[in-house]
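Each chain gets a letter, A, B, C and D, in the order it is written, and its residues are counted from 1.
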Amino acid sequence: MDILETHPKKDSFDLGPLRAAIDAASACASTCASCSDACLHEDDPAALRRCIDLNNQCAAICRTTAEILSRPGPNGDSWRAIVQACIAACRECAEECQQHAGHHEHCRVCAEECRRCADACQTLLDAAS
Amino acid sequence: MDILETHPKKDSFDLGPLRAAIDAASACASTCASCSDACLHEDDPAALRRCIDLNNQCAAICRTTAEILSRPGPNGDSWRAIVQACIAACRECAEECQQHAGHHEHCRVCAEECRRCADACQTLLDAAS
Amino acid sequence: MDILETHPKKDSFDLGPLRAAIDAASACASTCASCSDACLHEDDPAALRRCIDLNNQCAAICRTTAEILSRPGPNGDSWRAIVQACIAACRECAEECQQHAGHHEHCRVCAEECRRCADACQTLLDAAS
Amino acid sequence: MDILETHPKKDSFDLGPLRAAIDAASACASTCASCSDACLHEDDPAALRRCIDLNNQCAAICRTTAEILSRPGPNGDSWRAIVQACIAACRECAEECQQHAGHHEHCRVCAEECRRCADACQTLLDAAS
């Protein structure tokens, strides 16, 4: 059973897209942290600096987005700006990771996960507007 | 494909218990945040103060544990103390949530998730010793 | 000595507004968490639900903003969207806290801290454009 | 005015050591993130991998410790394990940073900040026992 189905305000949110966005953001936070760590331990981390930077940034905003969306009691409007920031960070990180996808499998996997998270967040924003 | 299978130091960690602990901690962080929010929006949040407090605390340490375990490049010994703190917080939160499990379905679900996370973290510590 | 003065890319950022924004976001994250906790332990937490919700949300995005700004190696454009989300959350939380400022001193202090953080973040965005 | 002086449960905690620990953990979280970023942007980041790893780990647990201590409504026992984990991570990071202190000023500053945070956390544990 999904815990959000038992939330007293469950009629105020649309569980499908909300759950998809929480799960995608949680997974993307972990994946970006792993890609950052994997890049750092490759033979030439200096060549992957920008990828590590964007991975760290994306991991942080995805972690916070998952946390905020996990507390869906009706709470104002600024959550939208947070979700939009998450989409921006995911897209920028996906673009960078994609450029290393041919050389590093973790970058290929991470680019996919970032795009998946951006899409899930966009779907949530569209559903909630 | 699991991103950690592509990590350059993958021979230094045991992927099975590591992945299980990351996923359990990510899920528990989100579940505890949702239980905290659900408790707050019940009719009598004053009666659930201790549950909300422990949920918030458990959410925070689970979130950090998931982040740290997602970066498994060989990195010292203090990660064990962090995982032990996660186990302690999960067990304490599970005990409190269990006491409200008969009245609030979210507390029942959350107690289960906390126990699952504590177990996965303990299994990881046992495997890594 | 400010650690950011010793950063190898220190010529790529403007330390004054950056440091001010990091410090304001760190302080606001802690203050919002304290206000949330104080509200919960007041006699009638049900009356403060929205304040607790917005405090939790603002604490989360301020914490992440402080983390991201603390890593100022040149890293793309999406950090701006994160700082903008922080401003939005701070302003919304300040407005709510201000409504309880007459009854709860912690809400008065928190409203001030949120406005201070929003201003420091705006100054940083203006300086970096 | 310190927001924690206005907390309804202020008689249940000792504000001096609590505030010192919150401020030290917040500062250390930011400093470790900055040291990690500075190390990555040095000419030879490969030589600083272990420092970056421990910085990231210490930043994460300090951030969470600051968050948890900022919510001091009486909340169980597991917060002690979290503070102990913070001390362990700070000490391990300080030792590593100290080894690079002669070459990198940010590592020297970070080692100091980590020791200061470990001390403040230990003082808090001693005061609360």
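Quick note on the criterion: contacts are C-beta pairs under 8 Å (C-beta built on N, C-alpha and C of every residue); 3 or more make two chains touch, one makes a residue touch a chain.
Because the structure is a prediction, the values reported are computed rather than measured.
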item: Selected from A-C, A-B or B-C, interface repeating A-D by over half of its contact pairs; value: B-C
item: Label of the chain whose CA centroid is most distant from the centroid of chain B; value: C
item: CA centroid of chain B to CA centroid of chain D, Å; value: 21
item: Residues within chain B bordering two or more other chains; value: 37, 40-41, 43, 49, 53, 56, 63, 67, 71, 73
item: Chain D-touching residues of chain C, taken from the complex the two chains share; value: 1, 3-4, 6-9, 22, 26-27, 29-31, 33-38, 40-43, 59, 63, 66-67, 70-73, 104-106, 109-110, 113
item: Touch list for chain C against partner chain B, complex; value: 37, 40-41, 43-46, 49, 52-53, 56
item: Complex contacts: residues of chain C adjacent to chain A; value: 49-50, 53-54, 56-58, 60-61, 63-64, 67-68, 71, 73-79, 81-82, 84-85, 88-89, 91-93, 96
